[in-house]
Amino acid sequence: SAPSSTTNGTSDTSTGPVQTAGASLDPNAKGPAPTDPKAKKGGTLTISYATSPSSMDPSAQFYQDSGAIMTRLTMRSLTAFVNRGGKQVLVPDLATDLGQVSSDKLTWTFKLKSGIKYSDGSTMKAADIAYAVKRSFAFTATGPTYQVDYLKGGDKYLGPFKSGDTFAGIEAPDDSTVVFHLAKPWETLPYFTTFTQVSPIPQAKDTKDETYGDKALATGPYMIKSFTQGSELTLVKNPNWDPATDAARTQYLDGYDFKFGTDTIKTQQGILASTGDYGTTLDWDPVDASFADQIGSGGPKAKQFVSGPSSCTITVNMDTRKIPLAVRKALAVAYPYDDLYTASGLTSLSGRPAHTLIPPQIPGWLDYTVPGLTGQGPGDPVKAKAMLAAAGYGPDKPFEIKNYYTNDDPSNIAQTVNQIRKKKLEAAGFKVTDKGVAGKDRRKLIADPNGDYNIGQSPGGWCFDWPSADSIFPPTVSSTQLTSGGTNWGDLQDPKIDAELARIQKLSIAEQGPEWGKFDQWLMTNYLPVLPWYWDRSNILFGTKVHNVINDDNHGSPILDSIWVDQ
Amino acid sequence: MFIYIARRIALGVSVLLVTLVVTFLIFFAGPADPAQSLCAENRCPAVKLEQIRTSMGLDRPISVQFAEYFQGLFVGRDITDGGNVNHCSAPCLGYSFHNHLQVSDEVFRRFPTTVALALLAMVVFLGVGVSLGVVAATRRGSAFDRTLVGVSQVFGAIPYIVVALLFALYFTVLYPILPQTHPFSDGFGPWIVGLIAPAIVLGLVTSTAYVRYTRAQMVDTLAQDYVRTARSKGISGRSVIYKHGLRAALSPVLTILGLDMAGLLSGTLITEQIFSVDGLGKLAITALIQTDDLPIIMGTVLLGCVIVVALNIVVDIAYSFVDPRVRLS
Amino acid sequence: MTLGSSAVAAETLEVGVDPELSDAAESSRRHGRTPGQIAWDRLKVDKVAIVCAVIVVFFILIAVLAPLLVKLEGETLNAFHPELINRRNTLPTIGTTAQHWFGVEPRTGRDLFALWAYGAQPSLTIGFLAAVSSTVVGIVMGLLAGYLGGIVDRVISWVIDFFLSLPYLLFVFALVPIVQNRVGGGRILTAEETSSLRFWVLLIILILFGWIGLARLIRGEVFSLREREFVQAAKVIGVPTRQILVKEILPNLVGPIIVSASIAVPGYIAAEATLSFLGAGLVEPTPSWGRTISVASGGNFSAYPLHLWPPVLGVALLVLALSLLGESIRDAFDPTTRR
Amino acid sequence: MSTSPEAVDDATDDATDDATDALKPDDVVVDTVVHQAPRDVANAPKLLEVEHLVKHFAVREVRGLSMLRSSVKAVDDISFVVREGESLGLVGESGCGKSTTSRLITRLEDPTSGAIRFRGQDMALMKEKELRPLRREVQMIFQDPYSSLNPRQTVGTILRTPLDVHGLAKGREKARTKELLELVGLNPEHINRYPSEFSGGQRQRIGIARALAVEPRLIIADEPVSALDVSIQAQVMNLLARLREELNLSFLFIAHDLGVIRHFCDSIAVMYLGKIVEKGWKRDIYSAPQHPYTQALLSAAPDINVVRGVPPRERIRLKGDPPSPIDPPSGCRFRTRCWKAQDICAKVEPPLELKESSGLDQVIACHFPEVKTSLVAEVS
Amino acid sequence: MSTGTSPSGASIRDRVGSAGDVVLKVEDLSVRFASDEGPVNAVQNLSYEARLGRTLAVVGESGSGKSVSSMTLLGLHNPKRTTITGSITLDGTELVGASEETMRGLRSSSVAMVFQDPQSSLHPFFKVGKQIAEAYRAHHHVSAAVANTRAVEMLERVGIPNPARRAKQYPHEFSGGMRQRAMIALGLVNDPKLLVADEPTTALDVTVQAQILDLIKDLQQEFGSAVILITHDLAVVAEVADDILVMYAGRAVEKGLAKHVLSQPNHPYTMGLLESVPSASEEVQELRAIRGAPPSLVYLPSGCSFHPRCDYQDQVPGERCVTELPELRILPNGRQIRCHLVDPERVLSQETSR
């Protein structure tokens, strides 16, 4: 999944104690959510963000920023995550439980709580959720596509505007029941139901395009007062939110003021100095490395900084069709992880070296090591050269590495990273052909499976959408991506892998965990489609008047509703 | 006078029309692919891309697209996005599929900010530049004069971006003696107050040129025969300098001002970027760098052009008020 | 003159050497000198001009001798030194040292002096090359419009108005990738190819937008010059038009042309820096001051001031020196400041 | 006298041309030149004939809300003849079209209609190429000694240009330029100096030398001394007179100073608002002007001799300024300022004709001419 | 000319003093400018006086210091770059060294100036009436309306038709002659005792020049003020001046009644000037021009400044002309000249009759 609104990103992983899947579900949680006795009420929090969500439409959202805003503040879904002592727990939200699955595992039924009201005072109905799910099919260009893969008839359905209201994948037999009909078993559906795509939308209020988001009816504790794309979002309290029905959210602040498109460095300097409004400002863009001494552990401003895993593993993608396994292994040895990491402006605040594809906070994570794949170190050109020679490549017949890189990045990072990589790989005996293109063009070029490259195609990493590896591997290594004209990790198209994926997905949520861990090791040992590089971390920097900032390890963002401020 | 303005406007319109065609060709026939940026971040299969392109109407011949755009400008047109048909009334600058907004709404919302920034900056640089220039001219050769000219030279030589960055950092962030910027939606007061800091830095840096120019002009004017005549009337020295001297010195300054309009707009572009001002420049840069949002780019360039042309006409008319000789020609 | 057969006649006919030009006066004047030479004489004694010229020459030397200087420092351009970077904050572990005169670049450890010295090359080259080319274009356009008048003038004037109405920064910004695409034949280029192509694209675009001012100026000057009686005299004598333009009119424009060109150079240097800041300028691996400024100011520039300030000072000093030099040149050519 | 270009091209050897001879320094007759020597210009062959010459400038004029295209009738149907050796003076108020006339004859301006015949050849419609040989014959001296010399060229270059253009004095250009400088009374060693190093009077001499370089027959002098100081003015006048005498030049001499005109010219044409209103021999015009405008002009000229006991003249003071040449008065153009104007003056334009009744020799365009003799007293 | 409607019309006749009184006394005035080349001695040891009702003509070639000396009367030189010595008494007030405040009070009200080029001397951006009214208001506490009425009245007085409409026009809408009239109106609006007219007609046509000269004469008679007329045109002097002061290279070389000086010059330079001018009423065979050109004021010739151009040095014994600066002396016939010639009148008249 996509980590942030624009840049192909860098964020999230946790090193906390690994949860078992079972422990992270609490089907019996009831509202109201416990409130912190130290919490102060009132005030406004300013949140600054360098990029801007292109809309606040719940059907189209797939990003960390807008996701954090909607799931925590304005939009309730069937289920939700809560943070309990640093652990993420899945609880029922609009639903009364975490869903009932039929014995053939193809039908999921959710019962809704009664008396849930929209911000305009009208009552929510089950049909609104069914409509919202159908509606999400119209926005798959920008939103997630799990519903397309799993819901019955999802591969044909194009949403209510084009394909009409009839869709076999979901129904609302009465006002308080929502039933999902699946094309194949989907053990982790209750995780998917936390998505805003499952937040109710009354069909009558739909504007039929993303402008719905500007005035979307809220079910959460806050509602949109105004949204100006590219610059600002203002949230105020939702008077029709009933805490008693909500086990996941609290309402401390009077409102939130989101500023988009701000200058990160300037904001971070302001927050560190906490002058004026910066005292109550929070910024969750990656912190500039030069501030690390101030905010790192033991630093004078350490109290203004919270960090935690985000959901992403950053990788270096290789085209397995064009690079033989032996060369891929040599590449893994030659790759200058550390130099590139530092050249990218990354520090220990930004991530941790990764040696597996699954990040450690996912249940079932297997802590294995494939020799040479540590995600760190300066690279070993001598050894790599020897490996290449063994594979039949030498100075007279060098192996050619081709890659695209962004050449219009004003911070120059992509260009210097490319330079360093080129030098280091050449030192190991590779021939490197680097092609500079504008960032926006690169995105297109590296998404073309037939493009003229052999490393660095998309995805350059993966962020899980829910804490189970079935939101990691099926989308990244199954052959479906390549079949539909896209790219995946290693540009893999292997029936053995597909079969293994299918096998694991059929298991129950608790059983899947360890199996994914083994799959990870198997994949890396036998295929080596990508080089794991680092597990991204979220950075949250805030003014001295901001309190109770907690990182959401599943999303790599602050849990917005739990924050309070001094006035 | 009327004829003069009419001719000026006709010239402006011809420039705008050509700009329209040229920008359309440059952007729509250029290498940009707006569909790509609409596609989900990491991967976008070709099929999906083609779908998006079709839904945006980008698959049709460029002439058809232009005809449609042109028509939209004058009579409006309908645009389909998602399940919706939006009517975009004239002057329709197109529809941003990226922001799901009509471009006209988007650019007109930011228009006041950019114009206000430009005008405030103009107030600053004319105020500072002209008054310092006059003082320097009247004390020609004094230490004050030399210091002022020197400082303005040095100030003008430092790359603007660095000056603006330092200014923004020190005066609005670390020692916030000047207020932060606010979008228009926060209300008029905070909005306009927020523009003070960027206007000051843009104005001050621009003023360096005006200090020197006004000074030179003023020195020239004060040597004119009619200034001597004014002095021979026995009126006060202030009156001679400000009423007779400055008035005449101003008209060449105005000419330069007219020529500077495009430069001023470019200045706001960078300033908006650095101060995070929610104006046209920022919109355009985002559209250019990040999203390839062609209709937005077109809209901002056209509107930018309109601003320059309009301000130019205003300056010309102002010029004719300053200099009565122009009124007849 | 050998007419002096009669003193009376000589007087009546006013033949003889004018007392005004008698030898005493002669020595105080500069005879047989072109205005250019006179301007040169004046510049030679203008202290500001000399200091500025020294500064400009200094930077030109830096640019030309960059390879040598960097070798002297014991470095190479674009050599990465990750070992000099503190991985905790990506800042260099060293300041100025004997090995790295200006320290090293944060994140990558490249030698900043090398980047600075080599960075002077494109700044100066673009500055001077663009100034020369746009000056030539401006002269030609201005001469044609001003002297031929009529339809030619109207067309050129319109084009000038057109360019003046364009929000040029936006345009330049949008044009860079397009021109690059066209010039590059649509191919995808390697870093080296891109960077050299960008150089030319930048140059072309700066010239495209740079000739306007001078053309306007020249046009106006030619308008008044062609009414001057010496031009009319040339016509009456039967001097062909081309010769009038080149021999009679052009030499009278040398002053404004030199002034305009000398003011254009710092303008282009600043423009390169600005465009690079916005991401439409030069690219890796070509170092340029504009790019270094852009990179350094993109982060927390107070953390390692050595990164930002040398190129800022370079640009500022060069721009200042060139502008002051331009002003001195203008004064030197200005007949009204002549004694 | 033959001045065919070929003859001059090999002027190094014994030229047959009087002018060329005269320009050789050794041959310059250095003696007190007797100016204004009676001469028989009346019967000399015609050198320049101007017939019905018209020049209208198209101008745009704003009237209220509309833009009119109208024309400045700068020169409106004038005819005159300059004979070999004659100096014709052209006087009139500012803006009456004197300079335009000179620019038409030198073809700096294209005439709207009419003929300009030089030795019978009509040059009014000639192309620049055809004109070039004639350019040698007709030269111009300009008013402003500062703007008439290219400040970026040395005197040598300035004087060489005409030689090069017409291929004169091949091989001895430098010597020739020196000769020219000597001819106008300048030190030939100053050949490498720039115009800025000369005083106004000297510059005017350089301008004269440049005109003489091509050995012209006719010189159009547009206010050649107006910009000069009194004492310098006299020097230049003397120079012109001497050259005229020595080289037998013809002049169209434009001036607004009636003293200068009287001093230099044989015949005089008085212009008013694009038209010639009176034309005749100098003696007649000064002693017996007939046109009211000529009379007003003469009586307005301040005269130094009033202090020398010359009886006070009758004073005629014109009211107002001349009307705009864009929209000249109907009929007689002078009628708006004329004290004699009657109805007919507004209706019928008086032709330029000889008034037999006066017994005098000048042509006048007036319905009510009257000879006035008391305007200028003869001192001598 | 009607003065009936003028609010201040009465004052014109109320002026103190009568014709012939000395209003201005200039004594031993020297003006020196600093320049790159060295000090410019624009005016040296100049003395003269101007009397009510009389016209003093100051003549001389370009650069002889005519304008500089007259600008000194209004204190218009930049004090930083100018050294002024000597004395100027205007109606009892010493002007040399007077404060800017004093000078401002005198300008226009006691001494007014009409400049040479009316085109450049009127402010192009202000209406003519306003420019005149401004001068009036600078010295009278009256409302704008009153001052305006006064301006219109002045325009009428200098013979501008339809003055009320003209007052509302800009200078560029005036013809050259009308501009000069407006300048004169501006000069006279405060009824000064002394009017300095610096080449008021040089830029004008003969017919217009005649009108303006007549006007100045008429107004002088009516206002009774003293007029200093600066010109290089001796014919103009002959027509209008009572007294004459001939300047050469910053010094007075001859002073006297205009009538006498012009009909019988006593200084070779004056004589040269007279002989240089071709007259409309006289057919001369040849002009007897003065040789050479006026000297540079920085490098003045030694002795008599005129000696390099003078034809009569041989009449003066020894090298006196070259070595000794002649004093301005009074001749037996009452004229003042700066010349070593013992009997100039005889020498020069011989020459003329030659």
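Observations on the model:
The chains carry the letters A, B, C, D and E, assigned in the order they are written, with residues numbered from 1 in each.
As a working rule, contacts are C-beta pairs under 8 Å (C-beta built on N, C-alpha and C of every residue); 3 or more make two chains touch, one makes a residue touch a chain.
Remember, it's a predicted structure, so these values are computed and weren't measured experimentally.
Centroid distances built from C-alpha atoms place A farthest away from chain D. For the pairs D-E and A-C, the count of C-beta pairs in contact is higher at D-E.
Work out the mean CA point of chain B and of chain D, and you get 56 Å between them. Here the spacing of chain B and chain C, counted between their Cα centres, is 26 Å. Per-chain Cα centroids separate chain C from chain D by 49 Å. With touch defined as above, residues shared between interfaces to two or more other chains in chain E number as follows: 286, 289, 291, 293.
Listed for chain C are residues 12, 14, 18, 20, 177, 277-279, 294, each touching two or more other chains. Among the residues of chain D, those in touch with two or more other chains are 32-33, 199, 202, 235, 238.
Those residues of chain C whose C-beta lies close enough to touch chain A in the complex are 78, 80, 82, 85, 87-91, 106-108, 110, 177, 188-191, 194, 277-280, 283-285, 291, 294-295, 298-300, 303-304. The touching residues of chain D, when paired with chain C in their complex, are 25-26, 28, 30-33, 103, 106, 108, 128, 131-132, 135-136, 138-140, 142-144, 147-154, 161-162, 165-166, 182, 185-188, 190, 192-194, 196-199, 202, 207, 210, 214, 235, 238-239, 242. Those residues of chain A that touch chain B in the shared complex are 2, 6, 8, 54-55, 62, 138-143, 159-162, 207-211, 226, 228-232, 234, 259, 261-263, 266-267, 269-270, 273, 275-278, 408, 439-441, 443-444, 447-448, 458-460, 481, 484-488. Against chain E, in their complex, chain B makes its touches with residues 224-226, 228-237, 244, 247-248, 251, 322-325, 328.
Listing the residues of chain A that touch chain C in their complex gives 265, 268-269, 288-293, 296, 336, 338-339, 341-348, 378, 404-405, 407-413, 415-416, 418-420, 422-423, 433-438, 445, 452.
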